[in-house]
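Naming follows writing order (A, B, C and D), and every chain is counted from residue 1.
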């Protein structure tokens, strides 16, 4: 590492450690613990951002030398840190989101004063940031795995922070089990590599795939996809994500959704692009297919939610799917030898990674502020918050427009890049697999449109119209630090949206390292104003241009206003209610109602069931009480996980017979095996 | 198959909208008889046969005037025409009856044998609504006769759309209300709210005897005897129900789309 | 950056003036086909002018989104229009976005329109928004696949490039992929502009409205911007269909005045032809039940998929 | 530290003492009285300490002295005292009928010793001290194990465990001239010490709850 950036990196890590220590030290004085803990976390985040931006901006000048952080007592186990371009990019993601969330938490944790131990939360928060940064800059297998496990452990601690209600505890347990599953798969995968590489350092792993036999490489790839897939939350392995993220405190679920699932993406990119050597075609195709399925199913399930944070959690699955589409396409282009297209698809995937980190964290912080004000996650009890929480509403709207991939914000730019790579992908091969690209594009469009529908519902039902409960009626605006936290992320979204060409320069060293091409010049036109595809006349887009044009064309309606309607007055009146007495909040459209048409259209997937119990005294037509219940079948849970679960239980019940309960029986088992082994040894 | 047959049929039939107001107005049905005309001179002061025979007491003998026929309350049953010995009240067969002011409907004075037809809107409103008028129809407890006749204007024969007049669903899009029915107590709130929901400048048109003065239900405790009790009315179209031609004539006259001179004939 | 203000202003004016005229013509022809004289084609101008002058009544529950939405709808439609080639192949804002940006801008407009439907807390607005977003979500993949077909043959997402590449090979117009993609896009056009099979623009029954239901609360100049924006969006989609799938007579870059003239005439003829087809479809069909519309749109998706397959089969 | 020339006496004494340990083990198997079992265990530990001392002396490996002393203090003095106190407190002196009666258990132990010998035959060359101390160590281990299975009383099972541990120590001492690294020895030693204490408490608990030391009663705890 260059001299100055090495110091900056170690300084960042030490700031986090200081944050942890400070938070624990001042546990008793909650206010102080909050200030010290999250203040230092914010400082750490800021340093992390400066470090990563400076080292990425340095580009080729960045020397990558592994640094031994600590060589433990056990010989052969050294904790090595090595920040190359890819690591710096992900450190930028974790630091930027960490900075914003820390500032947000300064205000948010005040609800926990007197109720929960804020010092512990701040300490674990710092630890989480520290450990996640270590995962990204891990130089060898030991560092990576230990940081990976610590991250899962700390995240578990935070998921079950409010362990009073059973739902949180169950979510925590499920999260823990799935984290260990993915840790196991990742470990096995790395062992396959280590066995070939001899050593455990990532440097020795680079390009090791070439020396592995094809079967071994495929096994390693499947193990890594499963391991990192669980952490990233791709569809068949996603069941823990919508359960764990909503129960965590909002700032933590923002960190988890924004950053922790990105460790899965980091792992996949590091392994597929660097370690496993030239990929066969089916790797990329499977990633693209899984990504498409995750994207579509993620958004479809999100549409059916009326719990705000579960909705956002499902959207994480959708966006991870989109990132995977970019990565899958890039792997396919690597196989067919189109390196330039591969780097374009990789840039699309990485750009969407940081985009998703920013706007998902922003939305979760918004949801946190709303939860903080209305004490409920259920959208059916909210409404009319736009007038009571003006700034939160504005920030949430920016997040919603960004996540729905609408111009001129960052979601649109990364999806535009993904479309470009999918479009040019069609011409790269002649085999039938090239049909996946346009179909992938169509499904991406479906995802984008459904995401827009979902966020019209989320924003509309939560912030607009009349408040549906007295919680929502007397909601109050979030405190200043919370708004600043959201403001930082909003600014990041707007910057990443309007100035993509500036940010693409930072991605150059990564694509140079992974696919050997620098694309920022090729993608930039008209000195930075316009972003273009790789093909000559391949089509360009300029979000900044669109904003400027909005400015230029605004005078048209204003002129019409001035010419025609100068004398027109505006009168505030009750909403038109067909002459009834008055519009009550119950007459408004609900979240369930909003998604009803889509539930009917996709009922094969959701299998909705509704029960109406009607009690009446004398005539069935005059019901005294009416109870309506509607359920949707959790298809993955009931079709895959539950049968596997019951199978395991049945098997273990059969094994219980071995547990005879008498000491002698157990000793006999041991003795018999001992003797058998000795006989075998003869 | 279906598409060709429809198209061919439609093209063969061509345009079936009447030429009015460019061409001649369609003839009124014989039973209709058109507007009434009152010759106070021929009325025999002592007779009073018409006063008793009128079902809605539209005819009164105020002091100082031989007879006063209030067309707003008249349901055009023409009983008074048959029973009047001296033919003081006669039918004119003329469909034009819409007026701007309530008192114009009262006939019987020396100079007012017949209705003083409606003037067009003032210059500002005419410039605004002249080419594009959207009305919100409110049936305030009407018997659906006036509503049906107003609805007929939308059919291909009358085709109200060609004048830029349109009925809309939401009062927010409307420029005025077209009210039918005697405005019952139940509909009072709804009517007021609808009126409040229409953005200014707005006009109110009362169609039919009920909307003008309560029609056959006049004086009933559950009614407000027409819209004038609640809202400022810009155009009255008498009749029970008024012939579609009368309504159309009233609307066009209001918007100044008829080129013939208005005023007393 | 070949951005000359002349074509920019010209196309803006064309968009502003031609859009109401086009929807007026469609209304007039529909009336003619219903054997009635019907409103004049320029009636829409009078309506918009009247709405602009009138006062406004805004719901007490509405937030600032309600007032922002009309401007967003109007400007996004206008901006999308400037990215589509009308008379000369290179559209004025060609550099600022291709077909993906056009779809994105129209989606942005729809996003804010749906939000403004929900804002005044009326059930009709909510229902309209919900149905609008549902139908556009189902229509989106079909549109994207159709555009992908054309974009792949042209190798770019820049509309001018697509138009010029299909223009060069005239036999391309009869290529099955092209025809199928056009059919899919036509169905999507009916869905997006709320035409008869999907949604009845002239209905008074609030419960059957989709697009109109979201505008129930608007009045005065906001309603004018909304109506105008919707008209411009319709013109943009029709222009996209006409100039990308049948770029006959479309003038190339730096074309002479004569070529521009021919291009204008060709464009108007094609536009009116497409409107005639829309009118015929509207008069001979009844509005579909809401849950039959996804079947219609999935047939559009299948058409687009066949178009994609046929580019693969016929090279 | 290479060993000086092994004097004849040293190489003879150790196998003898090892054989004696095996004999004590056989007696232990046949024994029914608890107190005498403890005493036999003490003798066996004494023999082990002796072997350790001989190895230390002849190979002047200083740290083996420490092992010898510790074995002596721990297993010859402290543990028997602890177990005796336990027996007196529990007031049970007799072992009820074991799983296999005495003759058949003796037969099994004979077979196990044979197995031990046959298994260790291939690498007798490794042994430095005496011909077959390793075989004896293995035999001790196997028979101790069998004793643990055979007896019902918790106390005798503890003793059986201790004899197994003695077998392991013997193997360690016999196998390597330098003896196992001290740290491993200490580790094993303290393990055993703690294990016994825990078992002592356990035995006391069983006695209290089930009014007998019979571990068979434990199966009532089965879920």
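Note that in this section contacts are C-beta pairs under 8 Å (C-beta built on N, C-alpha and C of every residue); 3 or more make two chains touch, one makes a residue touch a chain.
Computed from a predicted model, the values in this text were never measured in an experiment.
Across the assembly, the chain pair joined by the most C-beta contact pairs is A-C. The centroid of the Cα atoms in chain A and the matching centroid in chain C are 35 Å apart.
In whole angstrom, the spacing between the mean C-alpha positions of chain B and chain C is 42.
Averaging Cα coordinates per chain places chain C and chain D 93 Å apart.
Centre-to-centre separation between chain B and chain D, using Cα means, comes to 121 Å.
Touching two or more other chains at once are residues 49, 53-57, 216-217, 220 of chain C. Under the contact definition stated at the top, the residues of chain A that touch 2 or more other chains are 569, 571, 573-574, 576-577.
In chain B, the residues that touch at least two other chains are 170, 172, 197, 199-200. Counting only pairs that meet the touch rule, the chains in contact are A-B, A-C, A-D, B-C.
Those residues of chain C that touch chain A in the shared complex are 1, 12, 16, 49, 52-65, 70-71, 74-75, 78-79, 82, 93-101, 103-105, 107-108, 110-111, 114-115, 118-123, 125-127, 129-131, 133-134, 136-145, 148-149, 151-152, 155-158, 161, 216-217, 220-221, 224-225, 290-291, 294, 301, 304-305, 308-309, 312.
Every residue of chain A that touches chain C in the complex is listed here, in rising order: 383-384, 386-387, 393, 397, 401, 404-407, 412, 416, 419-420, 423-424, 426-427, 434-435, 438-439, 441-446, 448-450, 452-453, 455-457, 459-461, 463-466, 525-526, 529-530, 533, 535, 537-542, 545-546, 549-550, 553-554, 556-557, 560-561, 564-565, 568-577, 583, 585, 587-589, 593-598, 600-601.
Chain contact summary for the complex, chain D toward chain A: residues 99, 112, 115, 118-119, 142, 145-146, 148-149, 152, 157, 215-216, 218-222. In the complex of the two chains, the chain B residues touching chain A come out as 170-172, 187, 189-191, 193-194, 196-197, 199-200. Those residues of chain A whose C-beta lies close enough to touch chain D in the complex are 659-664, 667-668, 670-671, 674-675, 678-679, 681-682.
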